[in-house]
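One structure is given here, and the rest of the page talks about it.
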Amino acid sequence: MEEIAMEDTHSHGHQIDPKVEYSAAKFGMWLFLGTEILLFGGLFAAYAIFRAKYAELFHEQHKELDVTLGAINTVVLIFSSLTMAMGVSAIQRGKRNLLSILLVITILCGIAFGVNKYFEYGAKFEHHLTPGTSIFFALYFMMTGLHMLHVFAGITILTVLLVLNLKGKFSANYNTPIEVGGLYWHLVDLIWIYLFPLLYLIS
Amino acid sequence: MANHTIAETLYVPYLDEKGILSWLLSTDHKRIGIMYLISISTSFLIAGISSLLMRLELIAPGKTIVDAHQYNVLFTFHGTVMVFFFIVPGLAASLGNFLIPLMIGARDVAFPKLNLGSYWLYLLGATILLISLLKPADTGWTFYTPYSIKTGTDVILLTTGIFILGMSSILTGLNFIVTIHKLRAPGMTWHRLNLFVWASYATAILQLLATPVVGITLLLLIMERVFGIGFFDPAKGGDPILFQNFFWFYSHPAVYIMILPAFGVISEIIPVFSRKPIFGYKAMAYSLLAIALISFLVWAHHMFVSGMSEVAATIFSFLTMLVAIPTAIKVFNWTATLYKGSIQLHSAMLYALSLIFLFTIGGLTGVFLGSLAVDVHLHDTYFVVAHMHYVMIGGTVMGFFGALHFWYPKMFGKMFNEKVAKVAWALIFIGFNVTFFPQFILGTLGMPRRYADYPPEFHSLHELSTIGSLILGIGVFIMTVNLLRGLTNGEKAPENPYNSVSLEWQVPSPPPHENFEKIPVVTDYPYVYGKKNTQEG
Amino acid sequence: MATKTHSEEHHHDHEEPHIVGNSVYIIVWVALMILTGITVWVARHNFGVFNIVVALGIASIKASIVALFFMHLKYEDKLTWTFALYPLFLLALLIGLTASDVFYRLSP
């Protein structure tokens, strides 16, 4: 194997070519999203099996869930995905302030989702519907609860990105974390897109 | 071959910086690799001692040193630590971290900080495991429901620790996949990668995509204990066998997380000490991927007598046989590489040869167990124990020891005492077989696993097995002392003591912090030995 | 499928970030809203077994749209596609093979 001078900088520090860094970060996030899907996968598998086994129970008990609240949360989350996607485009065009505004809206949507969920859970507990009530409610609480944790994680990530953006870290030339963080936020939306019909709309 | 133009300018070995923080805060993949190496070796030795205690208990019928509950705790500890703290992170995280960037011609992994984060998660998981020992679990490493729901021991803490280890494992896998895809040196095409890198890649896919499922499974187990969600509780309409399905969806691929890196290791050792190119490079590379892909299809062969459906059992028994094909390709190719080679019996080579021999026994007995009808007789007997240890010690641990001896000069820049290493190898090889071969017989005779006691007719075989385990223990002890002594007393290692053509041997020993002074341009694959100087195709 | 594909061997020419116009996003969003409406409407009527089929079908269409446009999968290379789809295949395996046990166990 020949060794030929390739790089001028060979001192300390592992400067990776920014293009490689961008592509690696994005690819890394896609891999991570795959693991998230499989983390939820166990719950989806359990859902499929128990729903087939206890179709009646699922139909009866799903009536306890509030379709309106679920639908509102769906709209909220999809809207937040829209603002997130527009935020990525904004910073790619160098519009830093627009990104800040869009990030704030996205974060607020996430919080609204959480508040909504808080009231929903509260109402369930009032009616003594807990994870131990039945297989259906166990699934309901596990699936929405794990999803909620991801919403919180997403809000945290977006808040950090917002702070960094306000400090002027991102530009048209460097915005990898925004795009990668955005991918994570969209995953939260993706999973909810399945949870909504599976839990709230059983006919 | 490399022009030896390195080492002139400002060569600072990666080991030079002193102080514990310079290690714990280092994002250098080599240092992280060494930290994993220390951690997993410690886990291995501790869990090894617990197994010696178990063998001592079994030296004679009746109670000898521990009672039944203590025995249950011992085998749970042994299994959990060996599986989750030694062998799963094991070769992948320690050797993978140290070697992958060196072998692909990169300065580090793709996400160095994430890499350090993975190691911290490993430490956090280990800490939680230690705390759980205040009330140690007695479920076995598989945590089968419903017992794991009911037992009064600290299952929650232990499974939380394992959940965190799982995160560590996922992030390591993610890092390696991105590194191998994105950071290869110019000219380093897929067909010029070291087979160890291929093995690490296949392993990383399993770490990335199988681990989340065990994560959610353990989370559900914890929720079951905290909230009584009932997924695995028949009284609440749940299904205990569902737990086993989920658990083995991970834990069977995990078997390949354990063994594939060892396959990679000996694919590096054998060509060097046979002075021949590896036989069937592409078949070797793709069979690694094939094993990784098929491993997702066979999980339920662990459950044939659990009450699962016979239809599913038949399907899984058939699918299990598929794994034997790529595995056999590998054994064949290693053997073919040896054929007419100029073999040097370096200690690393002895371990590599042991792997071929012992893993073949382990693999073939696995075919017995994968066959539905035979498994009904042998399930949960010592036959399974012996099979598993032939694969895990005969395979992975032999690969691990081989790797330690092989890359030792590169890692530490020192040489160990080769004669002592050979003596230790002989003790380990003999001790291992004396320990576990009788267990095949015990199992066939009907001795069930996980019991602290047994009827007198099994006495002599158990006694033999215990004697073997002591020989094995002495061998491991001598090996450890020899390697540790090498660190202080060993001669300085040359850059390339075995005249290997692989990239990691073309840098100084120990390598500098940035690995390569200049990123190399790669022109051939790393097995160019003997007359035939280029790889065809 | 991906509009830009990169051969594995030329991993050094990496793609530039693809900027998608806001009009595309708005159209996508409207489509997602309409599909959400349809899901809710369908759930209020009884189509027997088709209810779950339609519900999952629409959810999958929505998820694909989000992935393709919001997440830019449409503009990603084959490698990303592979690792985006492979987990779904494994998920199908997990559900399918587990079901092959559970359901044949219940009704032999």
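Just a few scattered comments:
Letters A, B and C mark the chains as written, and numbering starts fresh at 1 in each.
Quick note on the criterion: a contact is a pair of C-beta atoms (placed from the backbone, for glycine too) under 8 Å apart; a residue touches a chain by one contact, two chains touch by 3 or more.
Because the structure is a prediction, the values reported are computed rather than measured.
Set side by side, B-C and A-B show the greater C-beta contact count at A-B.
The greatest centre-to-centre distance from subunit C, using averaged C-alpha positions, is reached by B.
Between subunit A and subunit C the centroid-to-centroid distance comes to 15 Å (mean Cα coordinates, whole Å). Distance between subunit B and subunit C, defined via averaged C-alpha coordinates, is recorded as 35 Å. Averaged C-alpha coordinates put the centre of subunit A at 34 Å from the centre of subunit B.
Subunit B has residues 177, 181-182, 186, 209, 213, 239, 242, 246 in contact with two or more other chains.
Contacts with at least two other chains are made by residues 20, 23, 27, 31, 34-35, 38, 41-42, 45, 49, 53 of subunit A.
Residue positions of subunit C touching 2 or more other chains, listed in rising order: 12, 79, 83, 86-87, 90, 94, 98, 102-103. Of all the residues in subunit B, the ones that touch subunit A in their complex are 1-3, 5, 107-108, 110-112, 170, 174-175, 177-178, 181-183, 186, 208-213, 215-217, 219-220, 223, 227-231, 236-239, 242, 246, 501, 503, 506, 513-514, 516-524. Residues 177, 181-182, 184, 186, 189-190, 209, 213, 239, 241-242, 245-246, 249, 296-297, 299-300, 303, 307-312, 315-316 of subunit B are the ones that touch subunit C when the two sit in their complex.
Those residues of subunit C that touch subunit A in the complex are listed here as 12, 14-15, 17, 19-22, 25-26, 28-29, 32-33, 36, 39-40, 42-47, 51, 55-56, 58-59, 62-63, 66-67, 69-72, 76, 79-80, 83-84, 86-88, 90-91, 94-95, 98-99, 102-103, 106.
Subunit A makes touch with subunit C in their complex at residues 19-20, 22-23, 26-27, 30-31, 33-35, 37-38, 41-42, 44-45, 48-49, 52-53, 67, 71, 74-75, 78-79, 81-82, 84-86, 89, 92-93, 175, 179, 182-183, 186, 189-190, 193-194, 196-198, 201-203. By the touch criterion given at the top, residues 1-7, 10-12, 14, 16, 20, 23-25, 27-28, 31-32, 34-36, 38-43, 45-46, 49-50, 53-54, 130-132, 134-135, 138, 141-142, 146 of subunit A touch subunit B in their complex.
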